[in-house]
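Shared chain: chain A. Partners: chain B in the first complex, chain C in the second.
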Partner chain A sequence: MGDTAALLATAFTDTLGYWWIIIPTIFLGLIVGGIPGFSAANTIIILLPLTLAMELQTGLVFMVTLYCAARMGAGIPAILVNIPGTAGAAATPLDGYPMTKQGRGQQALAMSFVASSIGGLLTTLVALAAMPLLARVGFYMHSVEMVVVMLFGISLIASIAAQDMLKGLIAGFFGLMIGAIGTDVVYATPRGTFGFLELYDGVPLIPALVGLFAVSEAFIIIEKRVILTAKGEAAMRNPTWHATFEGISIALKRWWHIIWTSMIGLVIGVIPGAGAAIASFVAYQQSRTYSKTPELYGTGHAEGLIAPEAANNGVTSGTLVPLLVLGIPGGATAAIMLVVLQFQGVSFGPSLFMSNPEVGYGMFMAMAVAYLLMFLTILPLSRYMCRVTTVPTIYLAPIIISFTLVGAFVPREYMFDMQLALAFGVLGYLARRTGYHVAAILIGVILGPLLETYFMRALQKSNGDIMTLFSSTLGNILWLCLVASLILPAFLEWRRKTKTEAAA
Partner chain B sequence: MSGRDYDHRRQMGGELIIPALAVCFTLYYFTTIWNSPWTAQVSAFSIGGILLLLCAAFFIKTALLLRSSEASLGLGGLVGIEDVRNGRLALVLATIGYVWLIEDLGFTLTTFLFIAISITALGHGKNVGRATATAAVMSLAGWAVFIWAFDTRFPRGWFETTMQGLMANG
Partner chain C sequence: MTLKTTLNRRRFLGTTAAAAGLTLATPAILRADDDFPSRNISVYIPTAEGGGADRNFRAFASVWKDKLGTDFEPGFYPGASGRVGYELYMGKAEPDAYNLIFGNMGPEVLNWAMQAPSFNIDDYLYFGRVDTDPGALFVGAESPLQSLDQIIETAKTRPLNVGTSRMAHPASIGVLSLGEATGAEFNLIPLGGGKNTVAGAVTGEVDFSVLTSGTVISAGDAVKTLLVFGENRVGAALDDAPSMNDAFGTDLPEMLSSRAFGIHQRAVDDYPERFETLTSTFAETFEDPALLESYIAARGTPEYLNYGGVDDCAAFKAAMLELGERYKPLLTGA
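Now for the complex of A and B:
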């Protein structure tokens, strides 16, 4: 125990010594995280010659910092201009963007940074302490349990649809159908591809994200001189430090909310292949379910912003657990880290903490230091970042369209993906103008294929017996939680109404 | 009924577009899986079936609202002369042009043209100088960061090839 503590302390101080690489990497991560199509994984690949040439510890610190900063950076455009940088930030604009339009962009950014930093830091420490236990989560989460986890995320459609249930559900199920485009998981039969080979792997996520959020938003915002409301514009004319401190204070007062939503992210993060998008949707849905003011969600509610941001940063720590303990990467970035570190002669698995403790503990310490330094370096910038909302839309809209459309091209390098993003842009524009929620469509596009994959796996394993979905204890507990989370809001609402009526 | 009352009715024409698209797509999707193994059909038929039911419910609701004169089939300002006035139509056309031309002209030139034309169109022909300057700064900054510094595989054309040649020759 004493040896481990000494090792951790040494790893922490050693990592602090790499501040000269951490700080520039934070800014690089913020940029690549903020532009759809660019991610930490892409950037590490692009900079692979540089990363491979670095000394082991330097490369490790660089990759981990980039990973954390890109995750945090994805939330910035989501809050300021309604464009999530990655799918993991897709739930962030639900409450972040309304806050910006009200002139509270600075507070929203501060809240997001606090929730992300604390969520990331806390889950790093928990992951470090409970690594053997968390590594087992991956073993217990089979396809049956994952079906229920996916349904948790998808049930957010119902929450979003609360204002007009029928239109919300149509948008969500339309998204699920679009998500079902591509070959089926067992026999690779092409379905709904319109003959395009580019769609055989399914609908690529980045063009859908770019189109539904960025392009459609750009077509909408030109109706106004700036994206802010009149009241918001007046507030933004003279931004002060007070707004940043107010954002910090609002977030810190919700410390318990940050803790439990980041833990959702951590647990989902340790499941290989699950990812930040699921975590942020599940966290938002759960946050709304157990809130005393669910009706405020979607209107610029602090908890609606904190939940997805804390959760998607919790995922960052979670994905490292199966990588380090089992040698199984929990996501794309972790997979690339695995390749780079294996090139440096590091072998992952249970023996890592004996053979290369500086790598095992060093990764978590790099993450902890990165979150600490990010908190200190980014927070003061929120006052300046939110100035982007005062740029006239005639300049903002073309810049958003050009840089996000080309971002849709980057992951697969198909011109088709830019055309697809434009098609999604038109769909998103029609949806927004006619009162359908684009987030509901996106949830379907993201989670639909995952749900189908896990569902088909479960059926395959049980020779087509649908009752397999209720065959495991953990699965049944999750089913009960899902049913409870669907019924509870209605019950709480009924009780609130009864109390109000009794009081009247 | 006065014309004023008519204007205040819910304009359902626009709201019908998404369900109509959803129905068309779902029916097309079904045709592509009709003779496929059950593994390809099971989730699509269940999700598609629910979607068709939801759309049917929306169409019935619309029909009832139309019958009781609470709604009309108007597009509710979804498409109109206002889109020409505020420059949206020009922006959409410029975006289509951007996607179409970028393969041949490359990122930098196409982005320059797109931003310059879009800002000019949205600004009703005013501030051409500022539009050109913004377009030049943004496209060159994009080239410098993403293509020159990071060697990202953006679409490349005449400008990128020329600059690469110039850089290679010192």
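Now for the complex of A and C:
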């Protein structure tokens, strides 16, 4: 124990000594995270010659910082201009962007930074303390259990559809159908690809994401002079430090919310193959379910912004656990880190903490230091970042479309993906104009293929026996929780009404 | 008689149009330059950047480029088990020997046996095999099944779930052959890629997994290898696991993944000199000790480096197609 504490203390002070690489990397990460299509994973790949040339500890600090900063950066355009930089930030604009339109963009950014930093820092410490225990989560969360987790996320469609159930469900099912495009997960038979090779691997997420959210938003805002309301514009013209502190205060008052939603992210993050998109939707859904004011979600509600941001940063720490303890990367960025560190001679797996403890503890310490320094460096910037919302839409809309089209192109470098983003933009525009919620479509597109993968795998393992979905104890507990989370809001609403009527 | 030729506007335009038409109509071969390669060579890679193929390609190309006197520009086109990359290469890349494909002759050719591509599979050929990597059967370090005997005995009483990267994979055929040889029952579960296949075995999602052994080696002590569908050339790195033929007295061919460079057949026909330059410099690369160093630096498995020319590759491709046809009903659920 004493040795471990000494190792941790040394790792912490050593990592602080790398501030000269952490701070520039934070800004690089915020930029690549904020541009759709770019991510920590593809930035590490692009910079591979540089990363491989770095000494082990420097490379480690660089990669971990980039990973955390990119995750946090993805929320910035999601809040300010309705462009989620990655699928992990897809739930952020649901409440972040309405806040911006109301002129509370600065508060929203501050809340997001606080939730991300505290969520990330806290889950890093929990992951470090409970690593052996957390690594076991993957041993219990198999395909059957993951089907239920996916349903938690997908049930958000019903919540979003609450105002107009029929339209909401149509949008959700439409999204699920789009998500089913591509080769099937078992025999790789093409379905609904319309002969397009580019759709064989399914509908690419980034073009769908930026198309539905950003491009359609650009079409909408062009009809107005600025994206802000009149009151919001007045507030944004003269941003003050007060707004930043107000955002910090709002977030800190919801410390418990940050804690439990970041823990959802941590637990989902340690499951190999799950990811930030699932975590943020599940956290948002859970946050809404247990809220006393569920009707405020989607209108610029603080909890609706805090939950996905805390959760997706919780995923960041979570993905390191299976990588370090089992040698299995929990996500794409962790997989790239594995390649780079193996090149440096590090062997991952159960023996890592014996053979290279400085790497194991160093990664978590790098993450903790990165979140600390990120909090201090980025928070003052929210006052200036939010000025982007005052740019007239005749300039802002073309900039959004240009950036998002480049972002759609980057991951696969297909011209087709730019056309697809535009097509999704038109689809999103029509959906908004006719009262269909684009988020419901997007949830189907993102979670549909994952649900299908786990569902088909569960069936295959049991030779097609559907009852396999109720064959595990943990799975059954999760089913009960799912049913409870679907019934509970209706029950609470009924009780509130009864109380109100009784009082009247 | 004097012929007087004047160049008026109509004649000028007519002559220009005729010359341009003639130039465009002239077969590319007549316009060919002799100083091949005069520019960089584009390489289509049908898998994602940062994966095993990427590492393998970079390690090999770093030495080959000096022999060829030009650089390589990789382009990554993953999707649908490699199908996207091949379709793009065959459909969009100019067949001029400046465009190559770097694929895996094992799973990617097996794919054609499952579902024919839109092009004729004889319209491209592999000309340079880089490595051969046998499939391996492995369990998670904490699996209750810790020996081959246990696996066979259990699989005779109930079908065991076996994780595989994808259905059409040489390692999948390996485990199906094991079932045929022992009477054990195995249920293949595609887990979508090497990373997930390792995770499946380690976390107990499946009873055990089969995969290209290079990836199994990099999983370290999180897994334990029990059988190799070919010769175990790396010994302890694969836990000294026996080969399938040694363990069960079978006479099966090695179930190999094999990375190789391919080219359009039309490029070979139209530009024989260019093709000769490619094949001869490819062979020279194998004689250079720098190749081994490059592989070791890239954390590859140098034991798997295995030169193969046009004939070796053609034989491998034919064998994979034959295997695919034989196991098609089991791999496609037909």
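Keep this in mind: the second predicted complex is superposed on the first by the 504 of 504 C-alpha atoms of A that agree within 3 Å, B and C clash if a C-alpha of one lies under 4 Å from a C-alpha of the other, contacts with A are read in each partner's own complex, and residues count from 1 in each chain.
Following the convention adopted for this analysis, a residue touches a chain if its C-beta (ideal position, glycine included) is under 8 Å from a C-beta of that chain, and two chains touch if they have at least 3 such contacts.
Note that the coordinates shown come from a computational prediction; the quantities given were computed from them, not determined experimentally.
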item	value
Fit or clash - chain C, chain B, common chain A	fit
Where the C-alpha centre of chain A sits as vertex, the angle toward chain B and chain C in the overlay (nearest 10 degrees)	80
Of chain C and chain B, partner touching more chain A residues	B
First, second, both or neither for A:F403, with chain B first and chain C second	first
Partner chain(s) touched by A:R104 [first = chain B, second = chain C, both, neither]	neither
Which of chain B and chain C A:K167 touches, first, second, both or neither	first
First (chain B), second (chain C), both or neither touched by A:R457	second
Which of chain B and chain C A:H301 touches, first, second, both or neither	neither
Which superposed partner A:E223 touches (first chain B, second chain C, both, neither)	first
Which of chain B and chain C A:R288 touches, first, second, both or neither	neither
Touching partner for A:V186 - first (chain B), second (chain C), both, neither	both
Which superposed partner A:P329 touches (first chain B, second chain C, both, neither)	second
Minimal inter-chain CA distance - chain C and chain B, angstrom	7
Contact residues common to both interfaces of chain A (with chain B and with chain C)	185-187, 189-190, 413, 460
Parts of chain C lying in touch with chain A, wherever the complex brings them together	49-50, 55, 75, 77-81, 83-84, 87-88, 91, 111, 114-115, 141-142, 159, 161, 166-168, 187, 189-192, 195-196, 198-199, 202-206, 218-222, 297-299, 331-333
Sites on chain A touched by chain B in the complex	38, 43, 46-47, 166-167, 169-171, 173-174, 176-178, 180-181, 184-187, 189-194, 215, 218-219, 222-223, 393-395, 397-399, 401-403, 405-406, 409-410, 413, 415, 418-419, 422, 425-427, 430-431, 433-436, 448, 451-452, 455-456, 459-460, 464
Complex contact set, residues of chain B against chain A	14-15, 17-19, 21-22, 25-26, 28-29, 32-33, 36-40, 42-44, 47-48, 50-51, 54-55, 57-58, 61, 76, 78, 86-88, 91-92, 94-96, 98-99, 102-103, 107, 111, 114-115, 118-119, 122-123, 134, 138, 142, 150-155
Residues of chain A touching chain C in the complex	41-42, 45, 48, 138-139, 142-143, 182-183, 185-190, 197-198, 200-201, 272-273, 322, 326-329, 335-336, 339, 342-343, 347-351, 412-413, 453, 457, 460-461, 463
